[in-house]
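Handing you this structure, nothing more for now.
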Amino acid sequence: MRKNYGILLALLTVVLLFAAGCGGSKDAGTKPEAADGTKQLIMALDPDYETFDPGLAYEVYALLVLHPVYDTLMQFEDNLDAPIYGIAESHELSKDGLSYTFKLRKGIKFAGGNALTSQDVKWSAERSMNLKGNGAFLADGIKSIETPDSDTVVFNLKGQDASFLTKLTYNAFGVIDSKVAMENEATNAVDANTADKAKLWFDTHSAGSGPYVIESYTPKVEVVLARNKNYWGKAPYYDKVVLKAISDPGTQLMMLEKGDIDIAFNLGPEHVKQIQDKPGIEIKKAQSMTLTFLLMNRDPKIGGPIANPDVQKAIRLVLDYQGMQTIAGEGSITPVAPFQVGFLGTLPPRDPKTAQNIEKAKELMKKAGYEKGFKTTLEVATLAVEGMDLPTLAQKIQNDLLQIGIETEIKTSDIMVALDPYRKGTQALSLWYWGPDYPDPNTQLAFLPGNPVGLRANWTADMNPELAELGKKAAVEVDKATRVKNLEEIQKMMDEDSAFDVLLQHARHYATRDNIQGTDYIDLYKIDLKDVSAK
Amino acid sequence: MSDDLLDKDLLRISNLNVQFRTSEGVFKAVRDVSISIRSGETLGIVGESGSGKSVTALSIMNLIPNPPGEIKGDIFFNGQNLREMSLEEVRKVRGNEISMIFQEPMTSLNPIHTCGKQIMEPLLLHKGFTKHEAKARTIELLKMVGIPLPEQRFKEYPHQLSGGMRQRIMIAMALACRPKLLLADEPTTALDVTIQAQILELMKNLRNEIDSAIIMITHDLGIITEMCHSVAVMYAGQVVESSPLKELIREPLHPYTEGLLRSIPTITKEKQRLYTIDGTVPSPFNMPPGCSFQPRCKYSNAICSEQTPDLIHVSEERAVRCWRHAENIGIGNRSVLHG
Amino acid sequence: MDDSVLVQVQNLKMYFQTEGSFSFSKKYIKAVDDVSFNLFKGETFGLVGESGCGKSTLGRTVLGLYKPNAGKVIFEGENIFSLKNKRMKEMRKKMQLIFQDPSASLNPRKTIADILNEPFHIHQVGTKTERKAKIKDLMDRVGLSEYHLSRYPHEMSGGQKQRVGIARALALNPKLIICDEPVSALDVSIQAQVINLLEDLQKEYDLTYLFISHNLSVVHHICNRVGVMYLGKLVETGNHEDIYRNTLHPYAKALISAIPHTDPDNPKDRILLKGDVPSPANPPSGCRFHTRCPERTDLCSQAEPQLKEVFPGHFAACHLC
Amino acid sequence: MLLRIMKNNLLFSIGIIVCALWILIAIVTVLVPSITPYSYLAQDLANRFQAPSSAHWFGTDSIGRDVFSRVLVGSRISLIAGLITIALASLMGMIYGGIAGYIGGLTDEIMMRISEMVMAFPGIILAMTIAAALGPSLHNTLLAMVIIWWPNYARVMRSMVIANKENEYVEAAKSLGASHFRIFFNEIMPNSLGPVLVLATLDFGNAILLFSGLSFLGLGSPPPTPEWGAMVADGVLNFNYWWIGTFPGLAILTMSVGTNFIGDSLRDFLDPRLRKEI
Amino acid sequence: MGLLKYTARRLVFLAFLVIGVSLVVFVISHSVPSDPVLANLSQRNIDNQEMVDSFKAKWGLDKPMYTQYFIYVGNLVKGDMGTSIRTQRPVMDDLKKYFPATIELAIFSIIIAVFFGMLFGIISAIKRNSAIDQIIRGISVVGVSVPSFWLGLMFLLLFYVNLGIAPGPGRISPYLAPPVAVTNLYVIDALLAGDWSLAVDALQHLLLPGLVLGSFTMGLITRTTRSSLLEVMSLDFIRTARAKGLTEKMIIMRHALGNALIPVVTVIGIGFGNLLGGMVLVETIFAWPGIGQYAYKAAGNLDFPAIIGVSILISINYVVINLIVDLLYGILDPRVRYN
């Protein structure tokens, strides 16, 4: 008996290995066309999405999937300055600036066949608000939503909001087929955060009107989007889009080189260099809206010597921005203040060659009474920002700070764990990244003293009342010229006195096979999948 | 050597030397051993632990692992020199014409096979029996060695049996192919006194039935007395005396044999202080010069520590390795068995 | 009891549990089951029986190494099981143990000097120099040389190791030594040396021996009185002469007849017992020997025979006696 | 003895030489930090991602540090991590297992069930959780490793103690009136240590492996500590600069192979069952 | 009887284990300085007390620890392990999704490890101390010593990138769709669906991670097989088998291997346990969507419901594997059943 098992086992293994070995040598290297001729796009990325419920999803890559699935009233095409219409045809703003009235395009059907009405728009927005998910704050300013008729929807705001149209581009305002959703236990009621049971359904199904529908979702493996046959607009080129979850950029690169995938989305600057001259690959670069910055706590109880504004200024002067840009890769820049280049009113970035002034930094240290330097901890989350490893950058900062005698010990932790002390404002010196919540400079006002991010450095309004006041004005200003003036003034003030030092505005590096097009970078969506096609 | 000598002897070992190469050096386990046995005879080899008696038996079967062991000398079995046979040919003799019983019935049986399977194995291997025939013969054998309920025992595993029963299984296995020679290496040492008596009785009865020659290896002179016709006494790898049993008991020639006989307490003897052999067995790595027994021998004189005595015949059937007897007989009369 | 008695063993029972502690159905091996006998000062009492009969367990229980399930061991008038720790430690000096396997009973990581120093160390006896002198004396007594002191057990022969074991037992001047198969692991020529040594020491130190052995010839040689054990029970006790020449119990008879004899001219009739010793976990009813007894009657399987004095000083537990 | 084993055993000799070399490197780089061609911390952004050359034998990493120097300096961390883990885990396991084995009965049963629970607990997850909760640092990681590791030793120690408890020399000590304390530490412990030591030698490589695995996952000392596992992770990040990950990986391999060769040979040597001689 | 009792005892232990393991994680979760609530809300919502409260209410984090624990155990009995804070899905669903991928890889690599490990071990033991033995021992030690994350990297570089003879990371080629989920073992599901090429593709993807993951176990099995076989070959019953006249091959196949396998089974069990531990690293390198990556993410994010879920799963696995090993023991070794 035993002997027979042994032989069986041996045979089985040999057969398996043989099959594996032979097949491997034959197939690897080229991506065969699907047998039935369906056109398929394969994109590899390191996804952070955990759900595709448009009312709950708030992750960086959520819109990559949700944008082609759920239509929104407003959307972006390529320029983040001004949103354009999505399923809205036109809109009017009331004189007091508190009421937006949208007309919907006619004849739009959901993928399931139901007609899209203003009721669906209202229902979807209310559901998002009541689910109290991570993205719900975008709807904070909304007082009420009215639907005078089936293709008109009115948003009444609590106060003026210069960025309201931009906010509407988010998936929180993605229009859901409310009938289908309610069949699957969704609700827009006030108690939706406990009564709504549709999340699991939304993870693997969709009820939108966009060009694609979610065909399947295997967490950590792939999301498959299939063409929406009822789509109202121009049909996308690909029948199927497969988003492969491949967290390691090196692996993405390998697979791209092999032709196993069409897009490798999470490449670091260094990976790109590797494949510069490889045939069949097109390298894409774009300005990302992601910032990396240094948080310097203003509370002496937490920050110790770091809390001293002169020390903070000295740190800003001693850092080698040029070196950091080398690490972050070509295309990265250093804005003066936490306002991204590309947004309205942003000042030109620092010149990395002249930004560093060690002598002056030393003087400031002397002035602050820390001529001999001090020891502190530099906290950093273990993750990569736009392909740049944050702990690597931390080591560079550690090295630079030594020049004015600041000895740092790097403390790394997982992002979720690091977020806790960051949000509580208990970190003395920490390295962080920031992506705008919505593509409008107003989102950056959070960095001002007294505002949420400012408070994480315990930078209270009374420490710089002038700046805080200006920030409040800028938030509600709707006139473009005044906005620009205010924003520029804020940046100049923050260059002089700030609890933050913006180190980098990153470049986004990715690569595609050179036989596809329409893969340009849009910070909000990353890539607009419906636009991708073969050359 | 004459032909009739070969004819008479079923087994004749001459000048057997076995040595082991170990990390501490070479040690000679068996030195110049010559023994012969005729069909139907029972020969006892007696000696203390390390005297080389087991190694001698294993050498006959060519069971000494090589390396570290090395065997030299001739072993004639049925007129053929086993030492000159190929391993393949030796295997055909093993378990078939010569078989062996070991000391530890506990460990000498494979724990994961049934007793029946283990007894059947030599039958299938050497006799070309079918499984059915082999099973029938095995049951027969089990009955022969006095195992009750043989059909049931056939299916049982060794650990389900007592020590005495296991040793009976070993005997059945050894006798399966009706061997011409049976080597029994301390077959009862691990057993209790009453069980030992059973096994010895069994072997005595079987000896009459199967007509094999038996070499009985033991440290217990009592067992030798009960079982054997003739005896070879071994000390430090050498045969120091060989003799028919009764003569040996009555009149031991070698001082070691004498000491051995006198130092054993018996229930027949009067209570008196025991005779002792002083000192201990020499280390195999560090043999004394001359006679190996000389450091412990009360008769030793100058020559004993200078020259190694040969095994000399003092009569037709008796031989001894001792200078005392060599001198008694005189150089001229010495009939040297070998060398 | 008179002064001549050193140890009284009364109704001693020693059971071992076989199943784990979480088990509901507890099973016991009755290694020693209701055994009583006396040890007289200066005598050698031989305890014989086959493996598993409980003779070693009995020896160790008498020494207090096991806590018995029932019974008493009265040493010089005191029941050793009711002694407090400190008193018990004192008592330990008076009784010692010699083991069967001389290599197993010596700690392989200690030199002979360490091993022999241990009794003195444990009981805080003597100064360093006193101890040294005493150890030297002990080595002398058991026939070892001073240079052996620095050796490790594995560097010595079996006989030498057993001498060390004897020396250790003697160190604290005990009154009772329990010899558990002291010669059965030794070669014949060495066995005689050790037996002689034990006899010499007994005379010299006025020792009492409880001599446990399966070798009836050795027991015959060394013992004044003998007890025969079978399956945890004492089946016959008596003087050396009584046991060997006037054997009462059928088991004792079989045992004695099973000894291989060294006289080729007088082969004797042998009583062959059938079958094996039953398991002590599940002993037979009535007389425990009835399953193998050539003389059994119906009564034997029903009633358990008690040890009774058949002749003066000669006890046997058999319905036929 | 060492030389005698070495003479007959090629693998053992290799193991001894490799380990001796690493220990030497670790000691020398601590005593004479300037012996490395570059400081292991020196950044040179102009010369980042240099392939192996005569200037940088193992190339440079993402911020221009010399990989060779970092690999050399990294040896001390792996050695210390292995040493501390094994030392603490074996000490803890020995005491625990020793007590369980010596007392026996219900105590033993309960103690062994508890250790079995720890063994059943997925160690690496426990380590990750501890490191994530307390923040990654060398001593948190080592703490986690010790917590995972000790039951192995407890088990071996217990079985040794149970086996040795039955030895006659223990009974001899008991009959002499020795206390439990004395019996345990004087008679049983010394004779139970052998297998534990062999296990410890064999385990040393495993501890280095686990440690490097944890530091690969970012759970070791914070940067810029030149931990080999973290350096391999760096190599994965910078995939196509093969040298960044390959050399520290080889360093882990050689150290782990070295200790395993030693442990393996020692076990063969000390295991009497494999040295059976007639 | 004994077997049933034994199994029952193991199962009782399993219940204790689950409670113990979950309790340990629970205690850790409540003694760490980090706050999972804060860790899992977005940057904006953390400032919104209403959001925080509703989050806490949802996960029961506002109740005292022991209440939470009782709630948890109560749900566990009903088969509900709570909801992962990170994925927002029921932990049970997550485990069902990720575990098959891990099991498929583990089974594949254990097959590789057992086959080659035993093969190498047997060759090595037979050719003891020869060059091939040294080479195999070297390989097995390297197998045990090589850091899996590094080996995976090297394998991918060599076989996938440079030589192009092996497929890349993942369970199947990116352009293929996974088979209809039945068992969630892709190879089996593909075969069930009758898609032969998909099954082959899935098998190919198992090869590299399987080798990397199995290298440790393979080394362990080689080592154990070798030493176990050597040990068995020195036992008495092997001498008995030789004395019966069996050839070396027969001795190894019929008598030695069966006995030598017994300790190997334990090692296979240990190896299987180790595989699940080593998964974290290998899955990371090979983008394998299994329990290891899930656990890694869960631990890093202090997603305690998920951590407890994974821990319980793996602990149960450990106990079940041990149980299987013990039962196998009983099959391989007849002595076990009766002791």
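Letters A, B, C, D and E mark the chains in the order given here, with residues in each chain numbered from 1 onward.
In this text, contacts are C-beta pairs under 8 Å (C-beta built on N, C-alpha and C of every residue); 3 or more make two chains touch, one makes a residue touch a chain.
The structure presented is a predicted model; accordingly, all values stated were derived computationally and were not measured.
J.: Trace the shortest sequence of touching chains from chain A to chain C and report its length in steps.
T.: Counted as steps through touching chains, the separation is 2.
J.: Chain by chain, through touching neighbours only, how many steps does the shortest route from chain A to chain B take?
T.: The least step count works out to 2.
J.: A-E versus B-C: which has more C-beta pairs touching?
T.: A-E
J.: If you average the CA coordinates per chain, which chain's centre is most distant from that of chain B?
T.: A
J.: Once you find the CA centre of chain C and the CA centre of chain E, what distance in Å lies between them?
T.: Distance between chain centres, rounded to whole Å: 54 Å.
J.: Where the centres are mean C-alpha positions, what is the separation of chain D from chain E, in Å?
T.: 22
J.: What whole-number Å value describes the gap between the mean CA coordinates of chain C and chain D?
T.: A distance of 49 Å separates the two centres.
J.: At least two other chains touched by the same residue of chain E: list those residues.
T.: In chain E, 34, 258, 284-285, 300-302, 332 touch at least two other chains.
J.: Of all residues in chain D, which are in touch with two or more distinct other chains?
T.: Correct list: 132-133, 236.
J.: Of all the residues in chain B, which ones touch at least 2 other chains?
T.: none
J.: Would you mind writing out the residues of chain B in touch with chain C in their complex?
T.: For chain B paired with chain C, touching residues are 48-49, 162-165, 192-198, 200-201, 219-223, 225-226, 245-246, 249, 259-261, 263-269, 271, 273-278, 280-281.
J.: Hey, which residues of chain D end up touching chain E in the complex?
T.: 10-11, 113-114, 116-117, 119-126, 128-134, 205-206, 209, 212-213, 216-217, 229, 232-233, 235-236, 242, 245-246, 249, 252-253, 256-257, 259-261, 264, 268, 271, 273-274, 276
J.: Inside the complex, what are the residues of chain E that reach chain D?
T.: For this pair, the touching residues of chain E are 13, 16-17, 20-21, 24-25, 28, 32-34, 134, 137-138, 141-142, 144-150, 153-154, 157, 223, 227, 230-231, 234, 276-278, 280-281, 284-285, 295-296, 299-302, 307, 310-311, 314-315, 318-319.
J.: If we count contacts the way the header does, which residues on chain A are in touch with chain E in the complex?
T.: Where chain A meets chain E, its residues are 2-3, 9-10, 12-13, 16-17, 19-21, 23-25, 27-29, 31-32, 34, 40, 42, 44, 50-51, 56, 58, 132, 134-137, 193-194, 199-200, 203, 218-222, 224, 242, 244-248, 251, 254-255, 257-258, 260-261, 414-417, 419-420, 423-424, 437, 452-453.
J.: Quick one: which bits of chain C touch chain B in the complex? Just the residue numbers, please.
T.: Where chain C meets chain B, its residues are 50-51, 157, 159-160, 187-193, 195-196, 199, 214, 216-218, 220-222, 244, 254-265, 267, 270, 272-273, 276-277.
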